[in-house]
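You will see chain A twice below: alongside chain B first, and alongside chain C after that.
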Partner chain A sequence: MTLLEIKHLNIEFHDHLIPETVVFDLNLQMEEGEIVGIVGESGSGKTMTALAVAGLLPRHGMKKTGEILFDSRNLLFCDRKVLRTYQGREIAMVFQEPMTSLNPVKKIGWQVEESLKIHTDLSEEERYSRVVQVLQDVELKNPEEIYHKYPHELSGGMRQRVMIAAAIVCNPRLLIADEITTALDVTIQDQIIKLLLKINKATKMGILFISHDLSLIRRICNRVAVMKDGYLVEEGLTDQIYQNPIQEYTKRLIAAVPKCEKISLEEEEV
Partner chain B sequence: MKFIIKKAASLLITLVFVSLLVFLSFEFIPGDPASSLLGTQATPEKVEALREEMGLNRPTLVRYLDWSSGFIRGDMGTSYSYHIPVKEMVGGKVPITLALTLLSFCFTVMIAIPLGIYMAKHAGGRLDSFLGVLNQIMMAVPAFFAGILLTFFFGLVLHWFTPGGFVSYEVNLGKFFSYLILPAIAIAIPKSAMTAKLLRGSILEQSELDYARTAYSRGNSTNDVLWKHLLKNAMIPVITFLGMVLADMIAGSIIIEQVFGIPGLGRILLTSIANRDYPVVQAIIMILAIAVNLINTIVDIIYHQIDPRIKYQ
Partner chain C sequence: MGKLTARLEEWKKKPFLLRIGLIMTGISIFFIFVGIFVTPYDPEAMDASSKLAGISFKHIMGCDNFGRDVFSRVLKGSATTLFIATGTIGIGITGGILIGAFAGYFGGVLDELLMRINDAALAFPSVLLALVLISLFGTGKYQIILSMGIAFIPSFARIVRGEFIRYREMDYVQQAKLIGAGSFRIMFVHILPNTFRVLVSSILIGFNNAVLAEAGLSFLGIGVQPPDASLGRMLSEAQAYLFSRPGYALCVGGTLIFIILGFSFSGEGIGRKV
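Here is the complex of A and B:
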């Protein structure tokens, strides 16, 4: 079953003198429970696409056309009240910066619980046990203790786990992960990727995984879309694209993945 | 709890230093209370005799300890000019200045916080721009001038109250407060304009941060994001500012008391300075210093409660 369908998406910013188009005629489809990657360098429009799906684009100073179909409803132009019933319940998002994406003056438990408060009629005890459960699911030790902590008392990796917990607490059908490992140490990166795979297996949650790191995408995504300067340049099964890239840009992107070799400057100067 | 104890200790130390400063500054400024009391009759012999009688010839340290220990016991000395205990002169005035200050502060909070939130919510709109200009004007109006305008308009044009009238809180508490309303508004106008501007900016700054976007991503409405997420964070700098405003109001009320003819601490402070009535001046300045320091301590404690990142070191 199709989970998400993006048709002819255009995003144009009008907040400067010269309008700037950040996404050109993007088409992308995602199946239920699938992990799809979007790869591209900064400014390629991948985050804008993600924000558009999550309904988080700025409300002023921009023009958007096309369709983002979820449950055969165009989320790009639906009423904000309707959109809010999807946000946090059906579509959830985890962001790049775990250090700043949590509210500094609210306890972890409160923040993880928030989506439940907004979207469900669960009692206080039921919400508490669900929050503790989900904190356990993201492999945080002592969830009861963490419930009462503030964000500044946790490390970056723990905060990103909390962000994931807060995103999946309502069992959404689509999780958007925007560069969620970029700000983390390499070892933590690895654990977070494995955690996402585990969540995907256990709950059949579709994941839109956005990254500039092609090797990371290859480890987790069945399918990948390559973006450059707002255009989708290539799309297909990850392994296929990785082995037989058609577009010149994809080839360069694959070549740019760092190898475990000592860098020699002389070679590059030739 | 540990934090509060530490704060109380630092409050005490500060007050000891303040008392030293208050006492010593009157040692060094020129002018002798004995000769100013005697006025034109001052001969060197008479001045010397009076100094001896007033105890001014004793060493400075002895007089400081005498004064400060007396102050702690509640004995603030005797007025040079009126020969009555300072406590009697000052005691009755403290509630008047205190009431005026607190009333001005309540007005400031009641005006500034809703106004700041409203302006932030409608930032960029026409009313926000209008309020921004109005705010700028109000900020530039000194409290005493606002006081004169209010007296003119409500007293002389509308005849809502008698300019210069005053009823003691011991006679009629309701009437007492009714005479304080206009002076309090005069003090509150520039302060609430500043506070509202600060709050507006603070909310807008918070709304740009990542956690606000996270809050939207969970399905919060704009109002919920504002009330449940932004406001507590946005209030942190505003509370610091309100602490300073309150401290400043205590001093500011002295001037406004003159404009509206309110017999608070301000009036005796000014006459006592003119008469070189040091015990009275020292007592009033100490009371003001204690009040200001107490406010700062309370603000620090509130601050600590709101922002979990501030840890007791």
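Here is the complex of A and C:
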């Protein structure tokens, strides 16, 4: 079943004298429980696409056309009230920077619980046990202890786990992961990727995985979309794209992944 | 015992200004609090035999022109002043948070509109604005609180707006938006607690201004009405005897300076600490 369908999405900023288009005519489809990757260099419109799906684009100073269909409802133009019933409950998002994504003056438990408070009418004890459960699901040790901690007491990797916990606490059907591993070191990256795969397997949650790291995309995604300068360059099954890239840009992108070899200076000059 | 030394260490780590300010504020609040329940003499009782008496063991700040004990009246007057200042700041900060939060969070036309009105109000000195409002509401303790409170709203609104604009774009606010929190929830549950640091220091500075403004208004005779004592009123009474008995004015003025310095040192210290 189709979970998300993006049709002819155009995003244009009008807050300067010259309008600037950041996404051109994007088409993308996602099945239920599928992991789709969007890959591209900085400024290619990956994050803008993600924000559009999450309904976080600013309301003023920009022109949006096209459709983002979720449950056959166009999220791009629906009422803020309707949008809010989806946000957090059906669609959740995790940001890139775990250090600033948590409110410094609120306890971890409170922040994870927030989504439940807004979308469900569970009692306080039910919410508490659900939060502890979720913190355990994201493989944090001593969830009861972490519940009462403040963000500054946790490391970057732990915070990113908390962010994932806060995102999946309502069992959304779509999780948007916007470069969630970029700010983390490699070993933590690996753990987070495994965690996402585990969650995907356990709950059939669709994941829109945005990254500029091709090797990560290859490990986690079923399908991948390559973006450049706001255009969708190529889209298809991950293995296919990696083995037989059709577009020149994709080929160069794959070739640009550094290999584990010592680079000598002479070689670089050639 | 270990806990006490730890506390002492923590206390020593605080900025010098903050420590001085807290001690001074503590002393003034202690005296004012005690003064509510017990004063050495009845602040209203007149004693013809000790008119304009000097400083002595009997009357540690002397007596005024009706023979009332100045120390007792300073205690009572400071309590009135503090009460009015607290009420003023209460109204000012509530109004300021409401206006500043809406203007800062929503931005756009609403922000322009609210802030231009705010700027116009800010263009008047707040004492002058309070004067206009007092002529509207009349004189008396509660009328002064109301008028000064309204006059203090603009300066708080501006500070709160600045903070909200700063926090509006933070990742965790976006995150709150993302899980479907409503605008009011984001404004008052997610953003507001973050602004407390700045708010506390501006409240303390605003408190000073309120104490001064009240004293100024009472000095002009449009503030607190007799028989209520207030520091400003006492200063204006003492003015007539400035040369014959300067101790009267000095004691009252000194108390006022002590209270204000205490608050402004604390405010400065808190602002500097973080």
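Convention: the second predicted complex is superposed on the first by the 270 of 270 C-alpha atoms of A that agree within 3 Å, B and C clash if a C-alpha of one lies under 4 Å from a C-alpha of the other, contacts with A are read in each partner's own complex, and residues count from 1 in each chain.
Keep in mind that, in the parts below, a contact is a pair of C-beta atoms (placed from the backbone, for glycine too) under 8 Å apart; a residue touches a chain by one contact, two chains touch by 3 or more.
All values derive from a computational prediction rather than experimental measurement.
Engineer: Both complexes share chain A, so when I overlay them there, do chain B and chain C fit or clash?
Structural biologist: clash
Engineer: Looking at the overlay, does A:Y150 come into contact with chain B only (first), chain C only (second), both, or neither?
Structural biologist: So A:Y150 only meets chain B here.
Engineer: Should A:S101 be classified as contacting the first partner (chain B), the second (chain C), both, or neither?
Structural biologist: Touch partners of A:S101: chain B and chain C.
Engineer: Look at A:R84 in the shared chain and tell me whether it touches chain B only, chain C only, both, or neither; answer first, second, both or neither.
Structural biologist: A:R84 contacts both chain B and chain C.
Engineer: Per the contact definition in the header, classify A:C221: touching chain B only (first), chain C only (second), both, or neither.
Structural biologist: neither
Engineer: Looking at A:A92 after the superposition, I want to know if it touches chain B, chain C, both of them or none. Which is it: first, second, both, neither?
Structural biologist: both
Engineer: On the A-aligned overlay, A:L26 touches which partner chain: chain B = first, chain C = second, or both, or neither?
Structural biologist: neither
Engineer: Kindly point out the stretch of chain B, out of 23-31, 59-67 or 95-103, that overlaps with chain C after superposition on chain A.
Structural biologist: The superposed arrangement places chain B into chain C at 95-103.
Engineer: Quick check on my understanding: which residues of chain A belong to both its chain B contact set and its chain C contact set?
Structural biologist: 54, 56, 84-89, 92-93, 95, 97, 100-106, 114-115, 118-119, 163, 166-167
Engineer: Tell me, which parts of chain C touch chain A in their complex?
Structural biologist: 108, 170-172, 174-182, 185, 190, 193-194, 196
Engineer: What does chain A use to touch chain B in their complex?
Structural biologist: 54, 56, 80, 84-89, 92-93, 95, 97, 100-106, 114-115, 118-119, 150, 152, 163, 166-167
Engineer: Quick check: in the complex, which residue numbers of chain B touch chain A?
Structural biologist: On the chain B side, the touching residues are 209-211, 213-221, 224, 229, 232-233, 236, 306-309.
Engineer: Across the complex, what residues on chain A touch chain C?
Structural biologist: Against chain C, the touching part of chain A is residues 54, 56, 60, 83-89, 92-93, 95, 97, 100-106, 111, 114-115, 118-119, 163, 166-167.
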